[in-house]
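Below, chain A partners chain B and then partners chain C, in two separate complexes.
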Partner chain A sequence: MIGVILKSMTKSNLIYLGVSAILLILPFILTGRSVQFMITQIFIFAIFAMSYDLLLGYTGIISFGHAMFFGIGAYTTAIFMDRFDASFGALLIAILVAVLFAAIVSFIVGILTLRLKSHFYAMLTLAFAGLFLVAAEKWRTLTKGNDGFTFKVPEFLRDSTTIYIVSLICLVLIFFGLRRMTQSPFGRVLVAIRENEERTVSLGFKVLHYKVMVSVVSGVVASFAGVLYMLSLRFVNTSVFHTDVTIDVLLMTIIGGVGTLVGPILGAALIELAHHWISGLANVHWIFERWIILYGTVYILVVIFFPLGIVGTIRSKLSGGSMQKMLSKKKAG
Partner chain B sequence: MDLIASLTVNGLATGMLIFLLAAGLTLIFGLMSVLNFAHGGLFIWGAYAGVWIYYVTNSFLLAIIVAIVTGLVLGLITERLIIRPVYGNHIQQILITLGFMLVLQELIKVAFGPDQKAVHPPAWLEGSFQMGDVILIKYRLFIIAIGFLLFLTIYLILKKTRIGLIVRAGVMDREMVQTLGINIRFVFMAVFMVGAALAALSGVLHAPYSGVIYAEMGLEFSILAFIVVVIGGMGSFTGSLFAAILVGLAQAFMAYYVPALSLAVNMLIMTVVLIFRPQGLFKVKG
Partner chain C sequence: MSSLLKLSQVEAYIQQFHILHDINFEVPKGEVTVLLGRNGAGKTTTLRTIMGLNPVSKGSVVFKNEDISNLKPHLIANKGIGYVPEDQGIFGDLTVGENLRVAMKREDQETTERLDWILDLFPDLKKFWKKPGGQLSGGQKQMLAIARAYVNENDLLLIDEPSKGLAPIVVEKVMETILQMKEKTTILLVEQNFLMASKIGDRFYIIDDGQTVHNGLMGELKQDKALMKKYLGVS
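Let's turn to the complex of A and B:
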């Protein structure tokens, strides 16, 4: 039994590494800037969506303010690059500050609400994200308000192929890192919390510690995605704090498949492609400018009829519907 | 003195509007532990539907009636189509109601256009009373009066009637009420519709108060309502009135003295409550 699992593990690892290798060669074949830029966006949002999956998929925590961490990463980078010289050293400090800032905020939000019912975390993150959005709009000396600003990035990151490869490497490293984490005893406890929190408590685990820790890790990874986003975009405005961003990442995670890590990557690709396609259609009919209606409707339908997402559904088919049973049991309870 | 009085009236009026929104939220949560993130969408639909009728007919009373009806209908739709399919699964409920909130918000832009709309109070509520050197704006007093009246009405219904008894019992222990042969789903649907109507009413009353309406207002305002529900205690009706007045006053005074911090001050109150009294100021016993 263990031998089979080990074998399938290495097999899946080989597949992931193979796909990564293909993606690594890809920019030398597809040299168009806009194509490379779009795939880079997919990588960045895949990182962001994985950080969300850690909360929603593995631990069963809902955050409605994940855009906040993304925005923290984005604004920290933008402000550092704008205020100081666009050197590699400044970038490293910016990353450090962004990550620390996100860790502190997620720690505070987590410690305040994670001991209560799941609704509280959802509400408080929504409220905090609102606060950050207002702050970014009002604190004009620092953020230049709604209009945002452009800035320079370090010389070697200006090439679209370089930023593509940097994002890909970050994605692969973070993916394997998070996968390792979810398969570790720590990750098992997270899943146990998702499945049955009371029982996990009675088994002697300090559930709050685990939840706060995972929310900090998630916040940090999300803010790092924000940093990468800025490096590829070189322009910031308050839209990084909008609820739309949170909805995007929610949709990516849920469509791809919660609790799978691969799912959110797939979801990110789908949603980014859909964005691209729909914004192309905006000239055809004005309704496509209101794409949130479409997204929101898809999202509602997916939550009701397709809660396992693409990867989750495939996996449950392969494993003979045990996931399906698990979910229906959860519904009844 | 003049300033403090007018800020207090402002704060009370804002508080009453938040209370109307929070009252539905807290009762729905208490009954079915469903936190309706789409509540702000009902608020904004009430505002737009009411203002539209107000533009067409020039009658503010008719606008209020239309807003309430819109709230009832949308409440029914929300409960049937959005919340019922995912009963018992909190994660799905939370996720789905936020999605519906955004759909409602965008549908506003489709139906009424994405631009802000200016709204003035009706002639019979325009102007102000002068008491000594204190000027009291009529429309704000009107909101406060309606808010208190509704609070008293609902409070009496909850405390004095059989329906209220069932709702209060349901908030404390849903299973027990069901065991006694009461269709709690039906009660829940009714409460949900009333809650939605209160949210829509809050929306239409808010329109002439703030002077403009825009689609994103729903989400902004519902964040205040969430803060109120947390401070007042989830499921507590009286608690949400006190918390709403507290938040309204804090908002009004901060908006005058330190405008940049008006949202932050409410977050601060909520944080303090969460640290020292996470169950809220008025926890429902049971």
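Let's turn to the complex of A and C:
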């Protein structure tokens, strides 16, 4: 039976499953809590970056406020867990409410702006994210403001290895789910919209429907990443709504390679590792405390020299550099 | 003669510019109607206006006895109009196969037969089935654009300058294909290449400065050297 399943799988799926299996046994080999925590953060941000890739990489929609959905996931669940008992049932309801809330917000933002040019979506998401940040800061009775709050989670999630495994399973399931979606007829329409929206309309597709649908899926996945983030920290504060979070996820997606899904996972790993490494160098020179300056430099270099990101560049090399040529043409056009 | 498409006193703007002033023509079912005219006369804008990509500011566009003026483009496309734009509009990151499949409204027996038929005419598309559309040559892109519009059972195909920028041998191939497609569907063609237009077309309309100024059977136009020189610069 297993043999038949393995035979029916593509080579790339087998590689992904192999890597997942290695990652699954990793916490039983590496016992250091800080390393385990860092890898868990990579899984969570990888999910968040994939949600951004759906928008930017597959559909060509730029969001400047994607942190809003991450924050919605984190805060909604945290508030629920704080107000109710720390049971598994309460957690499930909290996740459901968080995801539903994110879906409603992304639907409203999408329906209001996606019929217009994509920069309107970018600006409105920025404005909405700002609004949520201010609300989280000012509505202290609910959010406890900038200080944030800690809360209890169900007993089984208090173990860092469990959180690691849960995050990894979520990452794998979401990756394969999104991969299936992007390779389906729906995914082909998304790419067609990114490539030539007018032509897609002329083929008979109601583009707005597709854009709103992808915006909702992206918002829901981002909010789920927020839920996992909150569970891993057992603490939440307003930093989850900050623009820095959106900049991070943008970097992860661009450095890894837009429109690839694997790229953002790789990007998340690189950025999180860089965060960790640069923070450790804070005593060496003050510049390492201002990591955003370094990120800015990396971002400029990547855009100039690797506009397709790591995975995109590798794929381009494998297919004879054609994507690079296409990108040059797009830029010239 | 039953007309499939009829434009009456159509006017259209692109931003503040008044491009179409008075367009009137009919496309009879089962024929190839050619729109001729110099560069900038308004031929492409006419096709885009039929597709709903430019709004009709005055007049009417009637397709299969239904007024489709100012319907949304996706609704117009779903009424049975296929469009091959001037720039071909190939999705560069999608493969040839995906470019065709994304356009297919159904994947039934009839659509598969149409796909097989067009692929037999353009064997290059079969050969490069898994190649990204962006990597095709200009001629292959044109073939793909035509195939993509043909693959659905459309009642009318709008084809904008299919010979533009192509080598003579490729133009010949495209022309042969359109001649074969003519047996199966109605075509409204915009074409600068008069030789090609005269071989394919059954009737013509000349557009000049956003107005239809002349029309008739293609055979008559070939005889009227003065008219050809005046509006098309062909002597």
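The definition used in the following text is that the second predicted complex is superposed on the first by the 324 of 333 C-alpha atoms of A that agree within 3 Å, B and C clash if a C-alpha of one lies under 4 Å from a C-alpha of the other, contacts with A are read in each partner's own complex, and residues count from 1 in each chain.
Everything that follows uses one rule, which is that contacts are C-beta pairs under 8 Å (C-beta built on N, C-alpha and C of every residue); 3 or more make two chains touch, one makes a residue touch a chain.
Predicted, not measured: the structure shown is a model, and the values here were computed from it.
Of the two partner chains placed around the shared chain by superposition, chain C is the only one that A:Gly204 touches, whereas chain B remains out of contact.
When both complexes are overlaid on chain A, the residue A:Gly259 reaches chain C alone and has no touch with chain B. In the superposition on chain A, A:Tyr299 makes contact with chain B only, while chain C stays out of contact range. Which of chain B and chain C touches more residues of chain A is settled by the count: it is B. Shared-chain residue A:Arg188: touches chain C; no touch with chain B. Touch criterion met: A:Asn196 reaches chain C, while chain B stays clear of it. Touching chain C in their complex are the following residues of chain A: 185, 188-189, 191-192, 194-196, 198-199, 201-207, 259, 319-320, 322-323, 325-326, 329.
Against chain B, in their complex, chain A makes its touches with residues 56, 60, 62, 64, 112-113, 115-120, 122-124, 126-128, 130-131, 134, 138-139, 243, 247, 250, 254, 287, 290, 292-293, 295-297, 299-300, 303-304, 307, 330-333. On the chain B side of its complex with chain A, the touching residues are 29, 33, 35, 37, 82, 85-86, 88-92, 94-96, 98-100, 102-103, 105-107, 109-110, 219-220, 223, 226-227, 229-230, 234, 260, 263-264, 267, 270-271, 274-275, 278. Touching chain A in their complex are the following residues of chain C: 51, 53, 72-74, 77-78, 83, 85, 89-94, 98, 101-103, 105, 132, 134-135, 148.
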